[in-house]
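Note that the chains are named A, B, C and D in the order they appear, and that numbering of residues resets to 1 at the start of each chain.
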Amino acid sequence: MIAYTLRRLALFVPMVAGIVAVTFAIMLLLPGDPAVVLLGEDATDEAVRDIRRALGLDRPWYVRLGSYYADLLRGDMGMSIFQNQPVADAIGQRLGATLEVAVVALLLSIVLGVLLGIAAAIWRGTVIDGGCMLFAQLGVSMPVFWFGILLMYLLAIRLDVLPSIGRGDPLLFALGDLLRGRPGPLLDSLAHIAMPALTLGLTNAAVISRLMRSSMLETLGQDFIRTAHAKGLLPPRITFVHALRNALLPVVSIIGLRFGALLGGAVLTESIFGWPGLGQLAVAAISQRDIPLVQGVVLSFAIAFALVNLLVDLMYSFIDPRIRFE
Amino acid sequence: MARPRIAGNLSLVVGGAIVLAILLFALLGPTLSGYSVEGMDMRSRFATPTADHWLGTDNFGRDLWTRMSVGARVSVSIALMSVGIAVLVGATVGLVCGYLGGWVDLVVMRVVDVFLGFPPIVLALAIVAALGPGVVNLTISLAAVFWTEYARVVRSVTLAQREMDYVTAAVALGASSARIVFLEILPNAIGPVIVLATLGLGTAIIAESGLSFLGFGVEPPTPTWGWTLAYGTRYLRSDPWLSTVAGLAIMVTVLGFNLFGDGLRDILDPRGVAQRVRRTPTQ
Amino acid sequence: MTGATAGRDPAGRLAVEGRDPGRDERAAGREAASLLEVEGLTTVLHLPGGAARVVRNVSFEVASGETLGIVGESGCGKTMLALSLIGMAPHPPAGVVAGAARFRGDDLLALPVRALREVRGRDIGMIFQEPMTALNPLMTVGEQIAEVARRHLDLSPRAARGHSIEMLERVRVPDPDRRARSYPHELSGGMRQRAMIAAALVCDPAILIADEPTTALDVTIQSQILSLIADLQERLGMGVILITHDLGVIAETADRVMVMYAGRKVEEAPVAELFADPRHPYTRGLVESVPIVGRGRDLPLAEIAGTVPEAGEEPAGCAFASRCGRVEERCRREAPRFAERRGGPGSRGRRGWRGTACHNPWGGTA
Amino acid sequence: MRAHLKVMAGALAAALALAAGSVQAQTVRLGADVDAGTMDPRVMRDTTAYRVNNLLYDGLVQLDANLQPVPDLAASWENPEPTVWIFNLREGVSFHDGSTLTADDVVYTFETILDPDLKARFRSLFTPIEVIEAVDPLTVRIVLKEPYAPLLSYLDMGIVPKAYVEGGGDLSSAPVGTGPLKLDSWERGAKIVLVPFEGYFAGPPAIDRFEFVVVGDNTARAQAFEAGDLDIIQSPLSPQDISRLAADDRFASSISGGLGITYLNMNVSDPLISDPALRRALAALVDQDTIVNTIYEGVDQVAGSILLPSSWAYDAGITQPAFDPAAAAAAFAEAGWSDTDGDGVLDKDGAALRLTLSTHSEDPNRIQALEYIQAIFKQNGVDAAISIADWPAFSAAVRGGQHQIALLGWLNIVDPDRLMFGQFHSAGTLNWGKYANAEVDGLLETGRATIDAAGRTDAYRAAARIIASELPYYVIAYQGYQVFHTDAVSLTPDARGMMRSAIGMQ
């Protein structure tokens, strides 16, 4: 297990190196000059030249890439051109918000998707099944930003039950407040995160509910379920202990990939709900040609994605005793 | 296991019907309405449906029926082309990696890791920004996001098939690699790939609308659905009709492809190989 | 053990007195009261092409301590018959449409599913063919045995665990304490089947239904499992319904044999008579195609010409007519009734009768 | 989701606030379109930083609502000769860290801005400065290389504390100014919270908290305002939201002339566009009225020339070619363009009239305007394509003179010099199309060097008249400045979007 984990971690190295190189190549190809963006279109050519020298943009690309790798090896992600702060700090300030909404969306979509999938499988062929699968089909067919804006219009403007934008206290802090007997911040945080998480989780819930339904149906048709019936076990135990655990395996196996999709979806969702996360930062950094910041954001997305996948794979071995990593 | 009959496969029938309807709409729409796709009329902006304008008009008073049907051509061709490229590249890579194994597989799979590591929309957005907007560049950027799925699924099928007795036997009988790959292994991958590609068409259409929303779509006045929705969303409060038409068009089309893909899955990929590598990029 | 009779609905026993007189008359000739009496069981399978009767009007009885072998090719309705008895025929598409199965005064076929769940696992245990897939791969063997004890015997988790180890010991699993903590994939096929048996026997059921219990196992393991079942049956006095396509297994274990073909019972006889003097042409084909009794592994049915009718087809006459060497014109027109008669010289006293459903059986007309 | 979750949370929060003993806190929440990049006024680049810094810092002067410089840190100033300015600082002004403002701080601020290493965006505004020096602790003297009339308008630049910065203080994240508010907290990408500075020289403002809440999407920001989550929103806003909000009697609204223009940059270095006759013909195809009143829904104003209505140099008598397809057709014919092959596209010497219109992807309304212009161009025989790229790519192309006709804008034009000298002087740094007209050069130089207001006015009007005729720029609209606020806030609109009035000042 440890050897497996280490081997997986070792694979991060080529991945990180590759992502840096690809990002760098794309940023080089992007027309537009960070120095001009920095100084404004009314900058003189001389000022632009000075800034390019100060930022090291005048060096050949291989020197810049090489020195970025060297800095990265020392754990230095460089300075953001626009944020006036180290890239690591800029990311640190935003990463929590994105992980929070992505994780809440993930949990929400797992709960929703699994419940709908189970319901559809148990009541296969009924109205319930039809309803769940209609939700699933519409969920993956709906453009996310459209859904988000409709949701905001309905819940924040028409019904005025949820705040339209922004983020409350970080959920972890708010939970801490709750433990100290103050539920206000938690309610506030939950009210803020509800719509972004729902928007972000919609597609995922739909995907999971479909997978869950087919997996549940497959599991319910298996011999050990027949055995459980023959043992006279009651339906709740058969469904939730015997069938559910087995049916969850394929769902668990795709959670890592889905988390990647959620991180990506954050780009659109965050800009709609004013959620102060990495997604907005990524778009801003690209549109400012803030190369070090783009590098940093893309890397943190990639590493978060890879880590979650690793965690999921390790978790899988706990859930399924047949899997052993050597 | 017996193959489910096509007639009994509701998803396939409904999905196929929707896709067919969209294709007919794309082909015949402008002829039926008789309007030009670019003819503006600023005095009748944001009209709701009338006898003249069957779907109403857009933010420039252009006939929405005509715009949507020409938009269907654009959206569907972007989807078809991007998925087509992704399938070609991905399947080739998957076959080569799965069949050769060894260091080739190791290296190429790290490249796949790299592409998977990017948040899909960020990658697509950066590539469009680098290449400039337009149908071709948008297609390329989507293909760059999609190809990894096909590489992964084809590779896993290839790996599984390579261990099968009949492949071993073919090798022992001195069959050439090309023969084994194309006649023995590839046919097994076709089912999941077709399923994945059908579902991918829907994803591509949604991705186009997302990029348009962020301002990276095909340039106007090309009537893409994504632009219409992106504009329409901005007029959501005063004139909700525009975004409703565009949103529903996208939704119904994607629904059609998804249902069709699901139906195909029952027939072509009963074990759900395709399902496990999907991550619906750019959503 | 507790369980066996506890909590039974007293009204259910009264029902025994009130059963139909015709049956009593027939039953009068037999000595022991039957544990399970199945009468005219018919199960339908709804397929896209229409409904097919996969079990047709089958009747049989099982007494305590008796082993009834049910034999037939795959697809002849054996498993569906067994599942129908305890209300587990997959519904939809399958459904029991006629018949009765009297067990200790209750008609199992008429019991609500809630009541059946009490019967399953407690009064009637069942084991299946493939012990790999019949056990939950994500649960330890011990848990899967213990959950039966918790369900039906109301044991505490701790007591149930102890009981499961005891059960593993009883089915002769070595090192039961450790095995209880193993997952199915960590056990050999034989061990897994022992564990299945342990789970089925937790409540000392009155009846054990074993559906192809040894088919997936090696020959040597097969006979170990069969003798284990026989031992346990003797010790517990269970009635056993042993379903198999392997006449060798039947010969080794069964007291009586029921032969099924295309959903129907075509012959029933005490085991020795059946082997010595098979009446139905199909039975004869089966027996003759087994080279050495007790050695048969796969039934080489290819030696009986032709194929089994498709599930959906219901020929007007005898289902076996198209494959039968003794076919007569009448066989194609009219389905033969199952006719009972006293057994021959070799028949045992108890349940010595035999019967065949054939217009033209071996050894004379029915 | 439970209904009224928000109400419950709000009630709880209020109850807790009461329990904590605070009395009726007045918080003003302003919706901002971007997060501030920095809290250092010298290197600020975005509008939010501009607005935040205006509350955190004071300049030597402040610009009032009419853009007239009024005393701020400088109590008074004199201009003994055209190239010398002397500023007398206010006494007893303290920074947020308690230190006292001296002339050294002022000198330090401008010297560092002039140092290229600081990468100050507005450095070029101050390059005419030859020397800046402290005469005594309360007197600063600025010597210019040449007369530079606009200087005073740019001296609202915030003054930073020299000792704090040299001692390692990081202004970009921990600002220390002399302004009425100081930074309380900054959640990057989300919220900037300012609180009153008790030691403010004019006494602390009467509010308790001022928040800049970042919502990138214009529509979402408007929705948040409607939902009661913001107290003030201001331009940039989507036109379609403006008409709705303006009709909502819960909100106070005002539209006033802004300090920006939206214009077509006609690249005079492009072989095709270099012909002024063609430029005039094309200009007659720009339907300003529809763009301004329909697409922008009347927030902006139809422009007549390069001079803004808010400027002292404005002259309503200067006009550009009006929308008139018939006149355009005649002008094309005059310039030698006609449709000889009947394909619907004008041609000349065998070449069809094809050109590319470009703008940037960030502003959907500019894209709509361009799409509309393109349609009319096409109807009138000009085969126009549209090219859209994101801002850096687009601005790189325009700066490189690679465009033909580009739609973009200028902001913050507090002085006509700022919109004309760089843009139209043949040696101007922003003259991307290399427009050259000796007469214009002379007029712009005069405007810059003359201190006399009447003289400047004449010079700029003369230049504007030439530009309206030769059309290196075709100015489509004067940008409007729109602000909405709730009753909780009283506010005098400021064309630059500054919020000092919202905290009870001026």
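Basically, contacts are C-beta pairs under 8 Å (C-beta built on N, C-alpha and C of every residue); 3 or more make two chains touch, one makes a residue touch a chain.
Values in this document were obtained by computation on a predicted structure and should not be read as measured data.
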Distance in touch steps, counted as few as possible, from subunit C out to subunit D: 2
Central subunit by CA centre of mass proxy: A
Inter-chain centre distance, subunit B versus subunit D - centres from mean C-alpha coordinates, in Å: 42
Euclidean distance of C-alpha centroids - subunit B vs subunit C, Å: 54
Distance between the centres, which are taken as Cα means, of subunit D and subunit A, whole angstrom: 37
Multi-partner residues of subunit B (at least 2 other chains): 129, 132, 214, 233, 236-237
In subunit A, residues with contacts to at least two other chains: 30-31, 149, 153, 271, 286-287
Contacting chain pairs - touch in the sense defined above: A-B, A-C, A-D, B-D
Residues of subunit D that touch subunit A when the two form their complex: 1-9, 12-13, 16, 34-35, 37-38, 40, 43, 45, 116-117, 119, 121, 123-124, 172-173, 187-191, 213-217, 219-221, 223-224, 226-229, 362, 389-399, 422, 429-430
Residue numbers on subunit A that touch subunit C, as the complex places them: 222-224, 226-234, 237, 242, 245-246, 319-322
Subunit B-touching residues of subunit D, taken from the complex the two chains share: 218-219, 238, 240-241, 243-244, 290, 294, 361-362, 364, 367-368, 370-372, 374-375, 378, 385-390, 393
Contact set on subunit C toward subunit A in their complex: 83, 86, 88, 117-122, 125-126, 128, 130, 133-139, 147-148, 151-152, 183, 185-186, 196, 199-200
Touching residues (chain side subunit A, partner subunit D) in the complex: 30-34, 36-45, 47, 50-51, 54, 82-85, 90, 93-94, 97, 149, 152-153, 155-157, 159-167, 182-184, 187-188, 190-191, 194, 271-277, 280-281, 284, 286-289
